[in-house]
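Consider the two complexes below, in which chain A is the common component and chain B and chain C are the respective partners.
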Partner chain A sequence: MADTVLEVRDLSLEYRSRRGPVKALRNVSFDLYKGETLALIGESGCGKSTMGFALIRLTPGTAKITNGNVTFVDGPNRINLMEMSENEIRRFRWTDMAMMLQAALNAYNPLIRIQDHFIDTAKAHGLNNKSEIIARARRLLTGVQLDADRVLPAYPHELSGGMRQRVLLALGLLMQPKIIILDEPTTALDILTQRSIIELLRKLKDEFNFTMIFISHDLSLAAELADRVATMYAGQIVELTDVFSAFEKPRHPYTFGLTRAVPTLHGAVEKLESIPGSPPDLVFMPSGCKFHPRCPFATDKCKEVEPKLTAYGGHQVACHNWQQVLEESQKAR
Partner chain B sequence: MALLELKHITKQFRQGKKVVTAVDDVNLAIQDKEIICLVGESGCGKTTTGKMAAGLLDQTSGQILFEGKDISKLSGPEFMAYRRSVQMVHQDPFSSLNPVRTIYQTISAPLLYHKFAKDERDARRRSIEILEMVDLTPAEEILDKFPHQLSGGQRQRVSVARALTVNPKFIVADEAVSMVDVSIRASLLNMLRRLNQELGVSFLFITHDLALAKYFAWEGRVGVMYTGRMVELSRSPSLIEKPLHPYTAALMSAIPEADPRLTRSKERIVLRSDDIPSLTKLPPGCHFHPRCPVWLEGKCDKVQPILTEMGPGHQVACHVAFDITGGGSKISAGTR
Partner chain C sequence: MATSAMLRKFFKNYYFRRTLKAVASIFVVTTLTFFLIRLMPGNPLDIYVNSQMQSLGVSREEAEAMASSIFQVDLKRPVLLQYTDYVTGLLHGDFGLSIVSARTPVSALILRFLPWTMFVVSVSLILSFTLGILIGTLMAYKRNTWVDYVFTTFSSIMTAIPDFMVATLIIVYFGVQWKVFSVTGVRGSLSPGMVAGFNAKFFIDAFYHAALPIITLVVCNVGNWMLQMRGSTMATLGEDYVMVAKARGLSEARITTGYVGRNAILPLFTTLALSIGGMFGGSVLIETVFTYNGIGMKLASSLGARDYPVMQAIFIIITTATVSANLFADFLYGWLDPRIRTEGR
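Right, the complex of A and B next:
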């Protein structure tokens, strides 16, 4: 059994809204293994980004973590993030766990040169020696295949989207975190740029040995990079398994549906199937299994009882009818 | 005779003090009922080409023929007929639908204006028919809604429905499914294909996603653009199975696939450089040569290759592809 670096138990989060609480995370539990790459997939509005932020308690004022624990395991030390003070958690971010946001662009202050982004970030975490910071920044920028001389004095808007994404990676690695969380790391990048970021992530992971969670609505990125895949739906993980099982032997109708909705370039030409309807309103959710109104496998039980994420061997799934789903998914292959 | 033909179409824009050529000498004939996908990375000129084809933007030089007639020489009513026959659906249905109009108002306006409906009652009946054609049901209920009350996928269907009001022969769909979730993308694509098969509408389908292009245009053709030029244009199966242009081959090898075994076993083509050249400073000869892994020194950096037929229905603009008899064995990679 692999070592666990992060234990998430019953994590629940609500956003305040005029219509009532938005239940964006509902009792999420999972273990993150040391050194693995975990992909969080699902349609927009399923709670993927919220999960990323909640794990490092970087939630907006309208959000409240209503339940649960996130425990960081570092050798013999177990640190409960929910019990940390604001100061402690601020230090913890970047040094132990860093999150790189959707749309790299927004993460930068446009009035500050790239080198000052590095200096400010390092200073905020107790590293004050400017020449050491710049030396580190140079090493990292070279590592992400950028010309440090050109990039350090530049302003964010002077860089292309792909370059900004690379700078963001370098910045995220500055304090050598053990876990990094990437939200849509290649969304909006062109194919060849996306490919070079993918290869870069592989290389950096080999070099720095961090654990990675990445969030993407793009299944092909999960197929490419992930060791394990967690499918999110209506604020919960509904399936969690290794990447091959997720694509080849899905047991949740939602994962199965997603894999049938995207074409491949080099595979056979198949008819694509879509999933009817859209994800539920997280204020007024359906009864029972939250997927039942869209689910072709739904039975009466599904309308009444919400299935729990349950492990069958290493494969976790939250569906009353997973056996039928597995059977269908094998027929479809 | 082609339905619409672009002949040596070029479009230049002024960017500050410089003039850039966004579309450079593109030739494309779209047949009746045909589907053509245009692919390529952002800034390569896809949207500009689509807008010129739809008559929404004037070309700097070249000719556009609609049913054999030069559109710049059409009479007033003929030009109106052309503009109706060619419709464009944009990427973002949010910004292209009027937020204060109900769906009925949006759909009925062109029906009444172009006299496809005699009166309000007729317009309502026809609106319902059209909404059903794009699978927006229950149509009666949808008609009285505002855009913000619909999901992204439903709004995109309304954009398509609006285009259908004037019985177009040809639709330019510019990244029309890029902003909707994957789960509903398939049904949108299937709906568009049905319009092609049942109503005979031709499509110029613009996308940056090659796998989508393959799915949508399997019976049609795919064109690949790079820095404003069409570098490869071919029937889809032949392009997917054996790309002849090194840029197409590189794109195909780079694209991650939604199948872990497939994507992890693909052969990768490594380019000599990742830099996309700026339109204000294009390299001489073949614009791709500074990045091209198989370039010929003395030729590719000197002479611009012209799109040339190399196999049945397969055109390419590449000196190396021209040189290889049997076509492109040195170029293809990662295909099966």
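Right, the complex of A and C next:
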């Protein structure tokens, strides 16, 4: 097994709301291996994006991390993010772990030039030589196939959506982070631009050797880029396995449902099925397994006992009836 | 050929067209006020005659004879001709003569009174804007804490109370009841015998006399700025680029000033420009309450005496202040916000 770069243990996060605490993350644990690409998939509102934030200890709005640890492993050093001071975690962000937000279109301060975004970022991490920063930005921008001379002095609104996404990638690589988290890297882009971003990501990964987590609801993107896939439901990881097993031998009914909701090239159109119902309310959650109200495999046990994420030969799943699901999924192929 | 193309380009220029519009609006307002003030009941002659009859006990004929020897303006002349005379004078930079203070050019009166108003208005505007921006940002960062609640309550109350009420209350309580300052001493814009000059004594005296109007204006206006800045900052704090800036590891100071503050202040500049004109107009009541010798008080007295040329000139000044402040705000906005800049080109 490859080296671990990030260990997440029992990570829990809550948003404050009038109705009570919104449990957006509930005891999430997983390891991230060096050099891999992990896809986090799930419906909107299942806690995917929140997880991205929580991994760099950034809490949007009223959110608060209530429990758990995130440990960054750098060679012999193990650093617990939860024990870092404000200034340490600030420095850690972007130098060791860069989290790139969903909204690449609105990721830039509209009043300053692109080059100032590079300079601001570099300065925040102790780089003060302006010409060196610009030279580095120039190399990175060329690397993401942009014309640096045109992009650097431009204001954000003067760039197209695809260009902004590329600039964000270049900006993300500025401090050469070991881990990159991409939140919906291709959403809001047209299909051709999506394609070129995916190819670019592959190329950059070969070149810079970073570990990547990407968060998406787009299963085809996950199938294409990921080494492993983590399915999230109701603030938890319910299945974590390699990309082949996730799509061909799913053991969690939710992953199974997701894969059946995506059209394939060789599949018949009528085979497409959606998952009935909607994601659970994260304030008042169902008892037992949070998926049971929507699950065709649900039994009485599911209503009472919440299954734990358990490994069965490298394939982690949180389901009482995973064997049945696996059988069913094999029949469906 | 080349010159005509250049001329066309010049006329299409955003700044040129915007300035032209500004000049046009000043002209329209000047024209309207010229006729409007002459529609007010009574004219300078009647008012003068009446006051002479009352104070000196002379007959109407005698009073009218006295008036005609003093007043040089022929009020019987058709209004349209008066208007063309006035505009012609104006184009030569001549505001005419005051009717009441005979033989005094209006421009001399303006030069005497305007600087004081400008002094008070600009100082209180800068003070209230700066304070409002700072406190408003603090409120947004501390939203839903007691700091926010205290300031929100304060600013709502202060925005609701009219400024002349605050001015009166200050005089009644601080001046008369508690005797914090001498009510007669602070009157006027300078102490008697004080000569204008570039020395500390003069500045201290000027500030001493301007302090009450400035305090009133700041107290009454700062609440508005605070609330606006609070709202604007809170909206900006929710922007994605602020979150991205945090993820980029920028320092809190850099995010607050360069990312949140700069973006949040932008919409306030338009209001700032509008309020400059408003404060010139509003100085009428404040200056009258504090008997501060600015154009506001001059406007009030010339209104009473129906001193048309003086009123007219003051209206032109208020209009020009408003319009040029707006013009300035537009240009400044374009300079501050790159998105507007390209559209304006």
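We adopt the following convention: the second predicted complex is superposed on the first by the 326 of 333 C-alpha atoms of A that agree within 3 Å, B and C clash if a C-alpha of one lies under 4 Å from a C-alpha of the other, contacts with A are read in each partner's own complex, and residues count from 1 in each chain.
As a working rule, a contact is a pair of C-beta atoms (placed from the backbone, for glycine too) under 8 Å apart; a residue touches a chain by one contact, two chains touch by 3 or more.
Note that the structure is a prediction, hence the values are computed from the model and not measured.
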item	value
Chain C versus chain B on the shared chain A, clash or fit after superposition	fit
Computed vertex angle (chain A) for partners chain B and chain C, CA, steps of 10°	80
First, second, both or neither for A:His157, with chain B first and chain C second	second
Dominant contact partner of chain A by residue count, chain C or chain B	B
Contacts of A:Glu224 with chain B and chain C, given as first, second, both or neither	first
First, second, both or neither for A:Arg93, with chain B first and chain C second	second
First (chain B), second (chain C), both or neither touched by A:Pro110	second
Partner chain in contact with A:His125 - chain B first, chain C second, else both or neither	second
Shortest CA-CA distance in Å separating chain B from chain C in the superposed model	10
Contact footprint of chain A on chain C as seen in their complex	239-241, 243-251, 254, 258-259, 262-263, 266, 336-339, 342
For the chain A and chain C complex, residues of the former touching the latter	56, 58, 60, 90-95, 98-103, 106-112, 120-121, 124-125, 155, 157-158, 171
Complex interface listing, chain A residues touching chain B	43-44, 162, 190-196, 198, 217-221, 223-224, 243-244, 247-248, 257-267, 269, 271-276, 278
Chain B to chain A touching residues, read off their complex	41-42, 151, 153, 181-190, 208, 210-212, 214-215, 218, 240, 250-252, 254-264, 266, 268, 271, 274, 276, 334-336
